[in-house]
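Following this line, the structures themselves.
One chain, chain A, links the two complexes that follow: it is found with chain B in the first and with chain C in the second.
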Partner chain A sequence: MAVAARSGWRLWRPSARGWLGVLLMGPSAIVVAFLIIYPLACALDLSFQKIRITRVGAARLPFTLDNYSRALASDDFWNAALVSLGFVILVTLGCFIVGVGCALLVNQRFPGRRIARLLVALPWAVPEVVAATIWAWMFDGSFGVINWMLLKLGLVNAPVAWLSQPHEAFAVCTIALIWSGYPFVAVMALAGLQAIPGELYEAAQMDGARAWQRFRHVTLPALRPVCAIALVLVVLRVVRDFATVFVITGGGPVGATRSLAVYTYEQAFSFYNIGYAAAVGLITLALCAAFSGMVVRKTVAP
Partner chain B sequence: MKRGTLLPGLATFVVCALVLFPIWWMLVTAVAQPDDIRAFPPVFVPTHPSFAAFHTILFDRPMLRWIMNSLIVAGLSTALTMVLGVLGGYALSRFSSRVVRAAGMSVLLAKMIPTTLLVIPLYVLFREYGLLATLTSAALAHCTVTIPFAIWMLKAYFDSIPAELEEAAAIDGTTPLGALWRIVLPVSLPGLGATALYAFILSWNEFAFSRTLLFSEPSNWTVTIGIASIRGEYIISWNEIMAASAIVAVPIIIVFLWLERYLVVGLTAGAQK
Partner chain C sequence: MPMLRRLLAALLLVALTALPAAAQTKLRFYSWQTDDQSNSVWWLAVNKEFEAAHPGVTIDFVKVPRDSYADTMMVMFSGNTPPDIVHLASFEYPSFAQEDFLEDLTPYIAKDGPDLKGWAGQEKCVRDGKTTCINLNYFGYLLFYNEALLKAAGVGVPHDWTEYLDAARKMTAAGAGQSFGVGLHTTAGAGQYLTELLAAVLDAGGRWSNTAGKPTIDTPAVIEGLRRWKLLQTEKLTPMGLKAEDIRQLFVEGRIGMRLDGPWMWGLLAKAKPELQPSLKVAETPTETPLGGTSNVIGMPSNISPERKKLVWEFIKLITSQHWQEQYVALSGQLAPRPHSLTPEVLAAKPFLATFQSAQDKAAAKGIDRLPTGFETTYNEFAKIITEEAQRMVIDNADPAAVAKRMQTRAIALQKG
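On to the complex of A and B.
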C-alpha cells in the first residue's frame, strides 16, 4: 500500500504534471490530427494537382498552381466571393442590430423577464435545415404567408416569386441567416450587459448624462470586447454556412446566392473538380483566418 | 404598474411574437387541414388540428429510418467526443502547460475551417478506407465539430470545481486518473450531461458533412438530409414537410427551454478565450 501511495503521489508532482497534461490531451490530439490536420494537408495537396474525383487513388499528378490561378481569373469565383461578402455584411449587421436590441430589451426590469430572455434566444434551438425549410415555406411564391401579408398591406400588387428571382432569393437567405444567427449575439451581449457594474450608470447619471449619452459612453464601450468575439464568430458562421443557402435556393437563381461555401461544394461534388474545389476552399479558409486574426489583434492589443 | 416597467414588457412581447412566428408557423402548418395550406387568408390559429401529416410522414415515408440513423450517428459521435473531451478538458483545467494550451488553442481554430472544404479530403479518405456512405463516416466527421467545443466546455466546468478535493486524494495516494474518475467526474455530472447533450444536438442538426458523405446511400440518410430532400424527392405537401420539421426541431426546443442555463455555457464556451 505504501508503495502505491508513493507512486500515486509522485504523479502529482510538478515535474510529472506537464507530461500528464500531454498524455491526457494525447487522444484528442491524435483524433484531431487524423480528422482535421491530415485531411487539411490532403486538401492542400489536392489543390496543387489538376485532379478530378475519378482520379483519386491513382498516382500523384504533377505540381501545379493552375487551380489557384484559374480561380482568381474566374468570374464565378469572384461572383461567389461577392455573394459571401454581401451575406457577411448584411447578416452581421442584422444579427447585431436584432441581437443587441433584444439584449438591451430583456436587460430591463419588467415582469416575465426570465421567460422573455428564454424566448428571445429560442430560434437558436431550431436546427438550421429546419429553419431554412420554414423560411422557404413562408416565402413560398404561391401560398407563402409573407406574400399574403404584403398583399394585405398593399405593398405589392401580385404575389412575388421570391425564390426564382436573384435579389429576392438573396434577401430570403439573408433573413433566414439573421434569424438563426442573432440569438448568439443576444446571449453574448446580455452576458456583457450584466457584467457592467450599476455604479457606472449611477455615476454617469450624477454627472448629468442623458439616456443616450449613458448608452454611448457606458454601455457601448463595456460591450466592445464581447462584441469583438461575437463579431468573429458570426462572420465565420456566415462564411462557412452551407445548410441555409443550400436548402433554400441551392445557390440559384443564376448564382445569386452561390456563396463561396456553396461554390466549393458544387465544384467538388456536382462537377467533380476536386483539386479546384480544394483551392477555392483553402482561399476561403485563408480569408477567414486573416479576418479573425485582424479582429483579435485589434481587441487584444488596443 | 409603473410606466417604466410596462413599456419594456410590451416591447419584448411584440419582439418575441415577431421572432417566434416562424416556429409557430411550422407548428400551425404541420397540424393544418390539407385545404388550409392553400387558404387565403391563411389560417393562423388551427381550430381543427389534424395529425394526418404526422401519420403520413412517420409511416408512409422513411422518417423513422432517418430518425434511427440520426440517433445512431449522434450517439456514436457523442460517445467518442465525451471520452476525449473529458481527458482533454481535464488536461487543460489541471495540467496545463505550454504544449497543452497550444493543443487546446489549435483545436479552437477548427472553428475557422469551412465544412465544405474539410469534407472534400474526408470524402476522399473515407472512400479509400471503404467508410464512405456509412453511419460511421458521418459520426467521425461530426467529431471534428463536437470535440473542440466539448474540450473547452468541460474545461470551463472543471475549472469551477475546487482542486482541493483532488489534492486531498493525492495525499491519500490516488493517481490523477483515479481522482478524475472517482472524485471529479461524480461531482461534474451536470456539466457532463450538458456537454453530452450539446454534442448530441450539434450532431443531430449537422447537414453539410452528412449530406456529402451519406447522400449516395438513401438507407443511411439522417433526418436533416431527409428534410432537405423531401421537397424534391417526393411529391409532397408542405404539411408533411413541416410535420417532419416539427418532429426534428421540437425535442431540441424543449431541451433548450428546460436546460437553457447549462446550454448557454456551451454556447459561449471557448468564446471567452
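On to the complex of A and C.
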C-alpha cells in the first residue's frame, strides 16, 4: 500500500516547471477553496444544531440529527422535493426541445442569421428578477396580456386565474424557467453543431440517409457530450433557481410552486429556522452532486 | 533634510484629514421608510434635528426594501454588525427580542424616558417584564372607497357586512371586468394575507387565539369570517392573484371600488390622476370590530458600545418627545402612538385624521392586534398555515368549517413545536 502510494506520488510529482505552476496557482486555489469550503463547513455545522438565528461568536449548541430527521419526516419537505423534480423534468425537457430546435435553425444559412442568433440568446441577457416580474404581469389573472389575448382569440370564456390556481401557477413558472434557460442550451448546441464535420453529413447523404436519419444518427450522437454538460448545468440551475419562482408566485398557491430553493429560503429567512434550513440545503446539495456525478460518469467520462 | 521636511508635511496632512473623520460618529439607521409618501418626511426632519443637536454625529439613513428587510436585519444581527438604530416591523420584532438581540430599555425609560402611559400598542414591546422596543405606530384599518364607482353602481358607503357585500356585487357587475367591487391581497405574502383575512374574521366576531394564547380557529365566529372571505373571492368580487401593492395601485387608478387598508394608504391617493382624486375617499370600516394593530417599533441593539447606546437613546427620546410625536401627525398624516399628539391645529388642517383617530380608538379599546397572542415568535409560520388553508378553501371550494378544523390542528401542532 505504502509502496503504491509512493509510486503514485512519483508518477504525479511535478517537474520544476510544474512546481512553478503549482506555486502560481496556489494562492488563488486556496482562496477559491476557502470560498467554497468555509461556507459549506458552516452550513454543515449549523445543520447539526437546533438553532433558530445564528450569531457570530455564540457558543455552539449540542450536536443533533433532529434537523435531518425532521426534514425527512416533513410533508412540506417532500412536497418541495416533488415540486423541484417536476420543474427539473419539465423545464429541462422544454429547454432542450426549444434550445436544440433553435440551434438547428440558426445553424442553417439564411439571410438575417446573425440577428436570429442574437434573438435566440436574448432571454439569457435579461436579469432573472426582471424577467420574472414581466412574466408575472403578463400572466396576471385580471389585467394580464395573456388572458387578454386568450379572450380575444376566443380560446377561453373567462379570465384564467394563472397565479392563484396550483396547476396554472406551476405552468407559468415552468414557462418562465424554460424561457430564461433555453438560450444556454441553444448556444451550447450551436457550438456542438458547428464542430460536426460536414463530411459526416455528406457520407450519410451518399449512403441514402434522409434528413431525420442524418439528425438521429449523425447530429444527435455528435451533440451527446455537449448536451450532457448542458444537461447537468440546466438541472442544477433549475434546482437552485429561487428568483424566478419567488418573484412570480412566492412558492404558492398552497405550496404548488414551493421548490426546495424557495423552501430553504422560507425556513431560513421567514421562519428563522437556520439549522433546519441548512439541513435542507445540504440534502439538496447531496442530491445535485449525486445527479451530476451520475450524468458525467455515464456520458462524458471515457 | 528637504526629504524629511516633505515627509513630515505629508504626515501632518494625513493627520489633519484623519482628525475630522475620527471625531465624526455615524449612527447606522436602516429602514424601509426612507422614501415613502408619508413617514419619510418626518424621519428626515427628525434626523436633521438630531444631527443639529449633536455636532459630530450623523445618521446614515439607508433604505432597505420591505421585501428583504427581515433578511437584511437577520444577516446583520447574525454577523454582530446590527444597525445602531433598530427599526423593525412589529411582527418581526418578537423573533429578534427572543434572541436577546435588543437592549432592555426599562432602565433608560425609568431614568429619563417618555411617559408610556396610554402609549398605543406599547404592551407588544414588553416581553418577560422587559421593554425592548417602543411602538411607533398603532393603526386602525379604514375603508378607502371610490365614490364615483359607488354612485355608478347606485349604492352608498356601506356600514356593515351586508351593505359591503351588496356594494361589492353591484360595483363588480357595473365594472364589467374593467373594475372590481373590492380589492384583496390573495397571493404570496402570507403576513398581508393573514391581516386582510383577519379583518373578515374580526367582523364576524372571531379571533385566532384567546388571551391565554390558545388557538380558537374552529369557533363559529372564525368559520363565519372564513365563509365571508371565501365568498368575496368565489364570486370574483376582487381581482385574483394580486399583492396588496398591486391592489393599492389599481385603487389609485380607479379600478377598485373599496379597499380595507391602513392609514398609510392615504398618502398614495395623491398619486391618482387629478380628475380621479376627488372620488377617492376614506371612511371608517363597515365592520363591527375594526382591524388594528402595531405597525413598527424602534429599539437598540444589545451589543453596541455604551457611547453608541447613549446616542441611540438620545435619538429614541427625541422621536418619542411630545413635540416630535405631534410633528409625526403633522408631517406624515398618520396618528402617533403618544397620547394627545393630534393637536386641534393639525386636525383643522387635516380633518380626515378624525376618522383615523376614531378607527384607532375603536381597535385599541377592544385590544385588537394583528399579531395573534401565543404566536408572536412564530408569526410567519402561523401566517403561512392560515394562508395556505384559506387559499385551499377557495381553490377547492372547501367547507369553511372543515378548513377551520385543519387550521386549528396545524396551529396547535405549531405551538407544540
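We adopt the following convention: the second predicted complex is superposed on the first by the 266 of 302 C-alpha atoms of A that agree within 3 Å, B and C clash if a C-alpha of one lies under 4 Å from a C-alpha of the other, contacts with A are read in each partner's own complex, and residues count from 1 in each chain.
As a convention for this text, a contact is a pair of C-beta atoms (placed from the backbone, for glycine too) under 8 Å apart; a residue touches a chain by one contact, two chains touch by 3 or more.
Small disclaimer: the values here were computed from a predicted structure and weren't measured.
With chain A as the common reference, the superposed partners chain B and chain C clash. Touch counts on chain A: comparing chain C and chain B, the chain ahead is B. Look at A:52: by the touch rule set out above, it reaches chain C but stays clear of chain B.
Once chain A of one complex is fitted onto chain A of the other, the partner contacts of A:255 are limited to chain C, with no touch recorded for chain B. Once the two complexes are overlaid on the shared chain, A:156 sits clear of chain B and of chain C alike.
Contacts of A:140 after superposition: both chain B and chain C are touched. In the superposition on chain A, A:42 makes contact with chain B only, not with chain C. Residue contacts after overlaying the shared chain place A:128 against chain B, while chain C stays out of touching range. Of the two partner chains placed by superposition, A:195 touches none, neither chain B nor chain C.
When the two structures are aligned on the shared chain, A:269 is found in touch with chain B and with chain C.
In the superposition on chain A, no contact is made by A:97 with either chain B or chain C.
Of 39-47, 57-65 or 399-407, the segment of chain C whose C-alpha atoms clash with chain B in the superposed model is 57-65.
Common to the chain B and chain C contact sets on chain A are residues 53, 56-57, 140, 142-143, 269, 274.
Partner chain A is touched in their complex by these residues of chain B: 1, 5-6, 8-9, 11-13, 15-16, 19-20, 22-23, 25-26, 29, 37-38, 40-42, 80, 83-85, 87-88, 90-92, 94-97, 99-100, 103-104, 107, 109-125, 127-128, 140-141, 143-144, 147-148, 151, 167, 170-176, 178, 204-205, 207-208, 211-212, 224, 227-228, 231, 238, 241-242, 245, 248-249, 252-253, 255-257, 260, 264, 267-268, 271-272. By the touch criterion stated above, chain A contacts chain B in their complex at residues 1, 4-9, 11-12, 17-18, 20-29, 31-32, 35-36, 38-40, 42-43, 46, 53, 56-57, 98, 101-102, 105-106, 108-113, 116, 118-138, 140, 142-143, 145, 148, 152, 179, 182, 184, 187-188, 191, 229-230, 233, 236, 239-240, 242-243, 246-247, 260-262, 264-265, 268-269, 274, 277-278, 281-282, 284-285, 288-289, 292. Put simply, chain C touches chain A in their complex at residues 70-71, 74, 77-80, 95-96, 98-99, 101, 177, 180, 186-189, 239-242, 246, 250, 378, 380-381, 384, 387-388, 391-392, 394-395.
If you check the complex, the residues on chain A that touch chain C are 52-57, 140-143, 159, 161-166, 249-255, 266, 269-272, 274.
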